[in-house]
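The first chain written gets the first letter, and so on, giving A, B, C and D; residue counts start at 1 in each chain.
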């Protein structure tokens, strides 16, 4: 029973995938059916996960506590904290949004959630940006010009040594210092592009902000390339699912054996 | 200028859309049947991730030797679902194979999607079937790994984990060997874990921006990540500043992991090493080539019409 | 212990507090300036010239201007600021009685948009030219919305399109369709991952904060203007800190750790002085002054300031590190699972 | 109050007032009282004068945000062991903030959970009206609501069957009941696969947009497409390898020309230009969200109606 069930399930999935892809040709009833089925299943599952994954373990259990099951000796004797019930009315206030006179009250739960979000922006700012500031302070003056090459002879070089050479730890060679300079200049130009409170008259500062916009494009180009890789990989995975996992492994064997 | 050239310029710029889509479907389907291995040069962030979880130092990056203590448990935040299966499933499976071969216990939870724990369990049972076929013992829920379920609001749970892991997972229950729900701290996996620093490493496998949220809040444990392509460049910034000790990005990162596993005696021959990465990577080449050609044709067509008009 | 991380020493609280003060002080300054009539200056970003040019061309050709305030779940600050920019565009279009179209993604955005657009026509004294259908609710499903708006762009042969706000993957369909009818496109997405596609497909893109700067410049609201100036001060302080760090690090790494030894008596872990375990094998062994070696970035003053030792590990120096605290009376030996830190 | 928010203490010695054993009458009365207290608060707010409404919402928002700001700026206790007691009132507050943290963070989860019902309710209202009035596409709205009810029912039944003793038995498919098959069919077979289809459909739009709209029209677009080209080429193992073998012909492993292998160019571009550029964007967004956080926390921002 298991194998035939699995084949039926895969067939249903392929049908749904082809149904959704049919919008590429043009919007049609077959597509609209699967789109609404998709939205229905998604909202249905959200209602399940709402209780099973969130409210049950994060609100109901701490509120009512739990007791040790005498038969299986499982679970634990935990007290229930009745004050949790006060959260329910706070949540229900949101449903007043539909009343004409009292819909301002619905802004309280949303205000509390926005308050939690905005308080955290202050809390987490440094965790995210502190290490990046510290990492952006790169030395732009080299402090080492010699390295010991594979044959043991010390070489003078402005360029950073080849992989096989040995240099003392923390050595900054000419090319590394130059790259660090490009790094810091890019960072400062990119950040100064977002300065709005003073008019940039002199040539140098103006040059910095316009080159800032071009340097931002390098960052966006990398995001573009990486996103393209991901989207195509997801499509290849869908094709693999249809042609190999379904057609080749499931459907063809049925016909070939007969 | 002869009118033939204008029509060519016009024609180049106006291939019908359905034809374009059909070509893309063909070029992402036919190559799947061909089995060729592609030479690969691992990126440094992927090699660092690999060294962290397997202990094998990659010869191309000898300087990076940090790796996790296999006796301590690993904390995994898995926020991906089948929607990014193409990249995340392969990444998650290679991570599971590594942890299971090295007998490392892990606790996973999700802060990104209510469906994510269920998806992770399904793939763990697939890997178990694979291990049983290869004559290895299956990984058991409760004894080897624990599912801590879904927490809505990634900000809340990441903050709570950093502040005090004991109380953050206080109410979390999972099915023990006999099936009844009991606190995860009684399981062999989390025995003796009080703070997040008791874990050897925290691994995030995600298809969304929960990566930024975790980096902003969790800082007392080394962190490594497996992200999809779209989050790659943004998360690379944290790898460069040292906030991340390893980073696997998209299909290329997955193929780096798989080719490293294929060269590693710990895994070679014991468990499948080349999986989704090796299957999709050749086809990705052809799709990307099509993309480049499409941009070139579009621009050539434009220049031809502009030149004629000038 | 993940010590390679930065634990927030005093620098974290101080720097964040400074940024908070910058923003609040400037909002207060802008509010006062509003009362005394003196304006707080913010520059006109090039994006606004692109908007004027786009609307100008649309009025010349007499073809409609299509505006989309993004795909938000509810009316948030980003939608309101997008609508502020759209009211500016509608005011120009109303003067030349050029048709406009605002496509909304959900009901609450639709009601807000209708109100704001009708107000513009009222203020321009052209209420009779206000067309009820110029603000439409298309759909609240992502791809159905994209298909609906693309249909409108093709049927109405839009001359200019404005996509400002929260856009996701469907932005490609909109930008490509508008491109096919030859419309001038000005766009901005708060989603970093969508901006590259807008840049490649549209004529002008407002990147990141430029979107807020445009709406602050047009609406002149003191809170927005003040907050923007405060953010500028914060960015300048980050830039100066990086430049300062750059200079001190570059100078310090030229020297040796020994050379920088502070003259006044034994130095306990001062910035210039690097201490190592006397017996590296035993972590408990006392710290001694390390042999002189080339300074690395990790020994410099700025790095040690920004990456203080994590505070909750015991200091090597026995006296300062341990804190004797009164202990909780041990009423019950078996503490339940998961209790305590 | 201190002990309510410090539920880290094991139940056996937690406060008799705020908590009570499972199923005890004290607990049931407490829960009833809390519910009445909350509903009383709602009625009180209904009578609130119009002038004070903005301040009430602002107060709730300020208190919610204030906790996290206090958590960040208040000095943390150094080297705190599980059974430590605070040495002075200042450290007492530190202990209370740290212990209350997981409780406060669940408030966000629970409230978000309650608000989720709002979204589902508005979905039902729109599609319910379309069915009742037999408007265009009413059949598809019926499909939506029917599948939503079915999925909710199957989902609960499946979750319920996995609780209790036979939970682990259901790990292998042999002992599945029909309800488990139904849930797997619609969850794994339907919802998950359609999710994947919608995510992958964007590849088609990228290709058509690339072909029809990505033009070398400005310096910016040129820099963007050039960088994207380098990134895409470096993602392709075949091209990197071919380029590398070309370079190897020109010079040995230590030769200067090795600096021009595609992989080295890509790594240099990533470390030296891409990372600072994205860091610049990231800082713009980070400082922007800090400012927006402050505006929302202190209710300075005028949002919508």
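As a working rule, a residue touches a chain if its C-beta (ideal position, glycine included) is under 8 Å from a C-beta of that chain, and two chains touch if they have at least 3 such contacts.
Keep in mind that this is a model prediction, so the values were computed, not measured.
Peer 1: If you tally C-beta pairs in contact for every chain pair, which pair wins? Let me know.
Peer 2: A-D
Peer 1: Which chain has the mean of its C-alpha atoms lying nearest to the mean of all protein C-alpha atoms shown?
Peer 2: Taking the mean of C-alpha atoms per chain, the most central one is A.
Peer 1: For chain A versus chain D, what separation do you get between their C-alpha means, in angstrom?
Peer 2: Centre separation, chain A to chain D: 9 Å.
Peer 1: Between chain C and chain D, what is the gap in Å from one C-alpha centre to the other?
Peer 2: 18
Peer 1: So the centre of each chain is just the mean of its C-alpha atoms; given that, what is the distance between chain B and chain C in Å?
Peer 2: Centres of chain B and chain C (C-alpha means) sit 27 Å apart.
Peer 1: When the C-alpha atoms of chain A and chain C are each averaged to a single point, how far apart are the two points in Å?
Peer 2: Computed value for the inter-centroid distance: 17 Å.
Peer 1: For chain B, write out the residues touching at least two other chains, lowest number first.
Peer 2: Each of 21, 24, 84-86, 115, 151-152, 155-156, 159, 164, 166-167, 170, 178, 180-181, 183, 194, 219, 230, 233-234, 237, 240, 242-243, 252, 284, 287-288, 291 in chain B touches at least two other chains.
Peer 1: Where does chain D touch two or more other chains at once, residue-wise?
Peer 2: In chain D, residues 7-8, 11-12, 72, 82, 98, 106, 108-109, 112-113, 119, 165, 187-188, 191, 193, 195-196, 198-204, 206, 208, 210, 212-214, 220-221, 224-225, 228-229, 232, 235, 270-271, 274-275, 278-279, 281-284, 290, 292, 294-296 touch at least two other chains, as defined above.
Peer 1: If you look at chain C, which of its residues touch at least two other chains?
Peer 2: Chain C, residues with two or more chain partners: 5-6, 16, 19-20, 143, 192-193, 196-197, 199-200, 207-209, 228, 231, 235, 238, 336-337, 339-341.
Peer 1: So in the complex, the part of chain D that touches chain B is made up of which residues?
Peer 2: 7-8, 82, 98-99, 101-102, 105-106, 108-109, 112-113, 162-169, 171-172, 187-188, 191-193, 195-196, 198-200, 203-204, 206-208, 210-216, 225, 229, 232, 235-241, 244, 263, 267, 270-271, 274-275, 278-279, 282
Peer 1: In the complex, go through chain A and note every residue touching chain B.
Peer 2: Those residues of chain A that touch chain B are 24-25, 45-46, 49, 53-54, 57-58, 61-62, 69, 72, 74-76, 116-117, 120, 123-124, 127-128, 131-132, 134-135, 219, 222-223, 226-240, 242-244.
Peer 1: Provide the residue numbers of chain B that touch chain A in the complex, in ascending order.
Peer 2: Within the complex, chain B contacts chain A at residues 18, 21, 24-25, 28-29, 32-33, 84-87, 114-115, 117, 149-152, 155-156, 159, 171-173, 176, 178, 180-183, 212, 215-217, 219, 228-230, 232-234, 237-238, 240-243, 249-252, 276, 279-280, 283-284, 287-288, 291.
Peer 1: Contact residues on chain A for chain C in the complex?
Peer 2: My answer: residues 23, 27, 35, 39, 76, 78, 122, 125-127, 129-131, 133-134, 136-141, 143-144, 168-172, 184, 187-188, 191-200, 213, 216-217, 220-221, 223-224, 227.
Peer 1: For chain C, which residues count as touching chain D in their complex?
Peer 2: 13, 16-17, 19-20, 23-24, 27, 73, 75-77, 79-80, 107-108, 111-112, 115, 140, 143, 169-170, 172-173, 175-176, 179-180, 192, 196-197, 199-201, 203, 207-209, 212, 221, 223, 227-228, 230-231, 234-235, 238, 311-314, 321-323, 325-328, 330-332, 335-336, 339-341
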